[in-house]
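Below, chain A partners chain B and then partners chain C, in two separate complexes.
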Partner chain A sequence: MDIVSLIVPLIEITAAGAIINASVHFVPVGGAPAAMATSTGVGTGTTQLAAGAGFTGLMGAAAMAASVGLSPTGIALILLSGAVSSMIMLGVTMLIGQLIYVFGIGVVPAADKCEIDPITKDPQKPYVTPGTTGHGVPTVCFVSGLIGAALGGLGGALAYIALRKLGLDAGIAGMLAVGFFFINAVLASYNIGGTIEGFHDPKFKKMPNGVIASTVASLVFGIISILMVLSV
Partner chain B sequence: MDTTLIALGALALSGALATVAGCAEDLESDVGSQSNPNSQVQLAPQMGNIHRYFNKAISGEPVSYGLYVAVAGAVAYAIMQMGLNPILALILGAGVAALVHGAYAISAYLGRIVGQSKNFGQPVYWDIVMSHIGPIVGHGFIAVFCMVLMAYLANTILGNPFPLPLIALIFGITVGAIGSSTGDVHYGAEREYQKYPFGGGVPVANHGDIDIKAEYGLRNGMDSSYFCARLGGVLTGICFGLIVFLDGWRGILGNILGGSNEGSIITASIISIVIGLIIVAVLTIANRKVEVFARNKFGPYTK
Partner chain C sequence: MSHGGGGHAAELYPEEQIFAAGIGLSLVGCYLAAILAPYGLGMLIGGLLASAACVAGANTVRKVAAYGLGTGVPSIGMVSLGMGTLSAVAGVLISGCFNLPYWVAPILTLIISAVIGYIVGRLTVNPVGMKIPIMVRSMTFLSIAGAMALLGFTVAYVGSLEPSAYIDGALNNGIMALAFIAAGMAILHPFNACLGPNESHKRTLTLAVACGLLTWFVFSVVKLDVVSIVVSIILWAIVYVKFVKMSLNDACAVLHVPEIPKKEE
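After this line comes the complex of A and B, so read on.
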């Protein structure tokens, strides 16, 4: 293998890690409190939800890669397919979660981190149950989640493409991509520290720290992957 | 037979299996009290609420279901390599996963409850272990078998290039993420706190003050799954089924509209991506409609 065909995947893997880390910050997760309608967002952990969406994107990307190949047009289609698959997964999950919040628990979707929804301009605070930090998935969180899912699917697909370019077969590349996604999602989760509502949450400003951490971790991951390929 | 027709049939079957798997997964987590609402069951004895819930947060649901389905997939894969009938291999794989599930469930219950016995007086109810372990493993078996069969269909008919155990792992993680995001909210925010008025989130001050009485007698995990089967379980199933179906359907529709011969594969792929974006737009509009409905119907909090 020549040096260019090793450096390009290394750069792609590093960029993919940074994108995945950034994506997790967009996903509105309320953690355990959201499962009791005590905080806004989807009622599960950041890593778990981002991984669920990212892996759906990875499957979409892998299926697309198997049919279109790794030409420049093919790569663009794989990235887009990964993003769209992730968006469908998270979109359906947020919508169904919303139905349970509204019809099963009887709460109004309301964000706690903004007075007015920046997209719909609806006031939020009067609809928040006293003693809680919001509940449900208001429009701003939903849109933020879709952006996060798109980035997550794109990042997972980019990592998969880079690993395939290194000459790994689909199964090994898939396994490494799953591990790689978890590394970056967990780093983002540490950076968030519990719950986040989306891009309007003050915690979102911490994103650059997480992206830097993921860039370093992904670079190390990329180097190890290249060493693995070279040693086979 | 036409390959598109076979793919469409496999996809429809996958969607149906996903619906059953999602529903069974959520009800299993309600019987066994896993995932985020389990924090309240864990907290209850410390707040003076001695309960008869099963308590088994083995790990987050995505990780534990990833483990079970990957075990089933790996065992099935190994048996298939020995030349056995695939369906039999999948059943045996799901059976081994059920044993793993049962072992984790019992050790998690005993570990968690015994940890609270000395300081908070929470007894270990052996009848709860014996009566709940059947429904836990049974629901888990249904969920795992459906997913490992979906993974087999994805691998053999729907063109997924990943090996069976990896697809199984990914499906397990995805169903866990969905189950803990959707159905568990019904269990955590409504069923555990039914004594508080309907129509509000649970304030932090009330955390741990869960209902310990059922419609009749003392409440246990099976009462919760009976309640959650009416909304949370069903919607979780629909959620997973929709994801699997819509994501596969856009690809098949792209092949039909764009033509599935060699030259038009790019056109078909572009069409599938556009259809995916239309689906996402429809979901966004639906979410907004539900939000507006709730705002108009329930209104702001007045006190």
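After this line comes the complex of A and C, so read on.
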């Protein structure tokens, strides 16, 4: 195998890791407090939300890859398919969560980290119950979550494409992409340290640290993947 | 950072001892599974010994998650299996690529997982900034435990360490995905279920053994190995009953009520 066909997938894997890590920072994760509607976001951990959306993206990408192949148009379609699958998954999760928060628990969706919603310009602070850090999934968090899901699906699909380009079978590439996704999603969630509302949250500024960590980890992952296919 | 754990309860055995025993047993298990597979004992011996790696991993999760990860216990179990997948696949495939004898695969897996675990552990401390003193060591241990659990169960299923047989028998048919989530649950669940102010090492370890045996049972069912199914479910039942009794003993009070009593005005 010549050097170019090894370097290109290595760069793609590294970029995919950085994209996945960045994507997790967009997802509105509420953690345990959100499960009791006392914090903004969806009531589960970062890893679970990112993994749910990321895996759907990976499935979408793999299904598309099986039918279009790895031509340039095919790669564009695979990336798009991954991003859209992931967005649908997280969008539905946030929508159903929102229905339960509003009609089941009876809270008003409100963001705690901003005075007015940057998208709808609605005031947020008066609706936050004292002693809590917001409720539900307000518009800004929903949009942020969709951006995050699109990036996550794109990253997962890119990693899958890179592993397939290295000449690995679909089964091996899929399994490795799952492991790869988890490493990067967890590095991001440790960088966030619990809960985040979206791109308007002050914690979002910590993103570069996580991206650097993921880039290094993905590079190591890529080098080991290349060792696997070197002299088949 | 929130504290998810309940401090550090007294340890029954030191972490290093449990870890060394678990990894040693699962390493032996990989070889025994490959050697004994022609006699139909691959799953019986290999599965039993692979569950030791789950116990070792669960014990390390207990140690590190007691500091409070801030993201929930499952996250560290999942990263352990993420690193483990790469190491297990890499161990088997790399030995095939460089014309090494294929029996070095488990040792290669051990080395690769230790390297990846160390690097990811350093990354969680340096740019990311986790403030847990034993983070690097724990990530290394967890990576090794996850890799050995994955390799142990898949080799017990395939019955061979030969790369092409392994790729066909464990990777292309998706058994690796089952190993990923089943072994992952066995590693992350025990401490996630037992954490709290009254957490005791003995109880968590008992649940860890039960979870490891249950994973072995799942693989026995997938392989349709009748002897392993019977042995694993009996062993699991014994350990799990012991765990339930221990939980009832440690509980402040056990009330058997038909429904939640109505609050009187």
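Basically, the second predicted complex is superposed on the first by the 230 of 232 C-alpha atoms of A that agree within 3 Å, B and C clash if a C-alpha of one lies under 4 Å from a C-alpha of the other, contacts with A are read in each partner's own complex, and residues count from 1 in each chain.
In the analysis below, a contact is a pair of C-beta atoms (placed from the backbone, for glycine too) under 8 Å apart; a residue touches a chain by one contact, two chains touch by 3 or more.
Remember, predicted model here, so these are calculated numbers, not experimental data.
**Student:** So, on chain A, is it clash or fit between chain B and chain C?
**Tutor:** clash
**Student:** Regarding the shared-chain residue A:43, is it in contact with chain B (first), chain C (second), both, or neither?
**Tutor:** The first partner, chain B, only.
**Student:** Would you check which partner chain A:183 touches, where first means chain B only, second means chain C only, and both and neither mean what they say?
**Tutor:** second
**Student:** Of the two partner chains, chain B (first) and chain C (second), which one does A:220 touch, if any: first, second, both, or neither?
**Tutor:** In the superposed model, A:220 contacts chain C only, not chain B.
**Student:** Contact-wise, after the overlay, does A:118 reach chain B, chain C, both or neither (first, second, both, neither)?
**Tutor:** Once the two structures are laid over each other on A, A:118 reaches no partner at all.
**Student:** Hey, is it chain B or chain C that touches more of chain A?
**Tutor:** B
**Student:** Using the superposition on chain A described above, determine whether A:212 touches chain B (first), chain C (second), both, or neither.
**Tutor:** second
**Student:** Which partner does A:101 reach: the first (chain B), the second (chain C), both, or neither?
**Tutor:** In the superposed model, A:101 contacts chain B only, not chain C.
**Student:** With the two complexes overlaid, spot the stretch of chain B among 110-118, 128-136, 182-190 or 254-262 whose C-alpha atoms clash with chain C.
**Tutor:** So the stretch of chain B that bumps into chain C is 110-118.
**Student:** Do chain B and chain C land on any of the same chain A residues, and which?
**Tutor:** 31-32, 45, 48, 51, 170-171, 175, 178
**Student:** Hey, which residues of chain A end up touching chain C in the complex?
**Tutor:** Touch residues, chain A against chain C: 31-32, 45-48, 51, 169-172, 175-176, 178-183, 186-187, 189-194, 209-210, 212-213, 216-217, 220-221, 224-225, 227-232.
**Student:** Going by the contact rule at the top, pick out the chain A residues touching chain B in the complex.
**Tutor:** Against chain B, the touching part of chain A is residues 31-38, 42-45, 48-49, 51-53, 55-56, 58-60, 62-68, 73, 77, 80-81, 84-85, 87-89, 91-109, 120, 122, 126-132, 134-139, 142-143, 146, 170-171, 174-175, 178.
**Student:** Can you list the chain B residues touching chain A in their complex?
**Tutor:** Residues in contact with chain A: 35-37, 39-40, 60-63, 154, 158-163, 166-167, 169-170, 173-174, 176-178, 180-190, 192-193, 198-207, 231-232, 235-236, 238-239, 242-243, 246-247, 250-251, 265-266, 269-270, 272-273, 276-277, 279-280, 283-284, 286-288, 290-291, 293-295, 298-301, 303.
**Student:** Would you tell me which residues of chain C are touching chain A in their complex?
**Tutor:** 1-2, 69-72, 74-76, 78-79, 81-86, 89-90, 93-94, 96-99, 112, 116, 119-120, 123-124, 126-130, 167, 171-174, 176-177, 180
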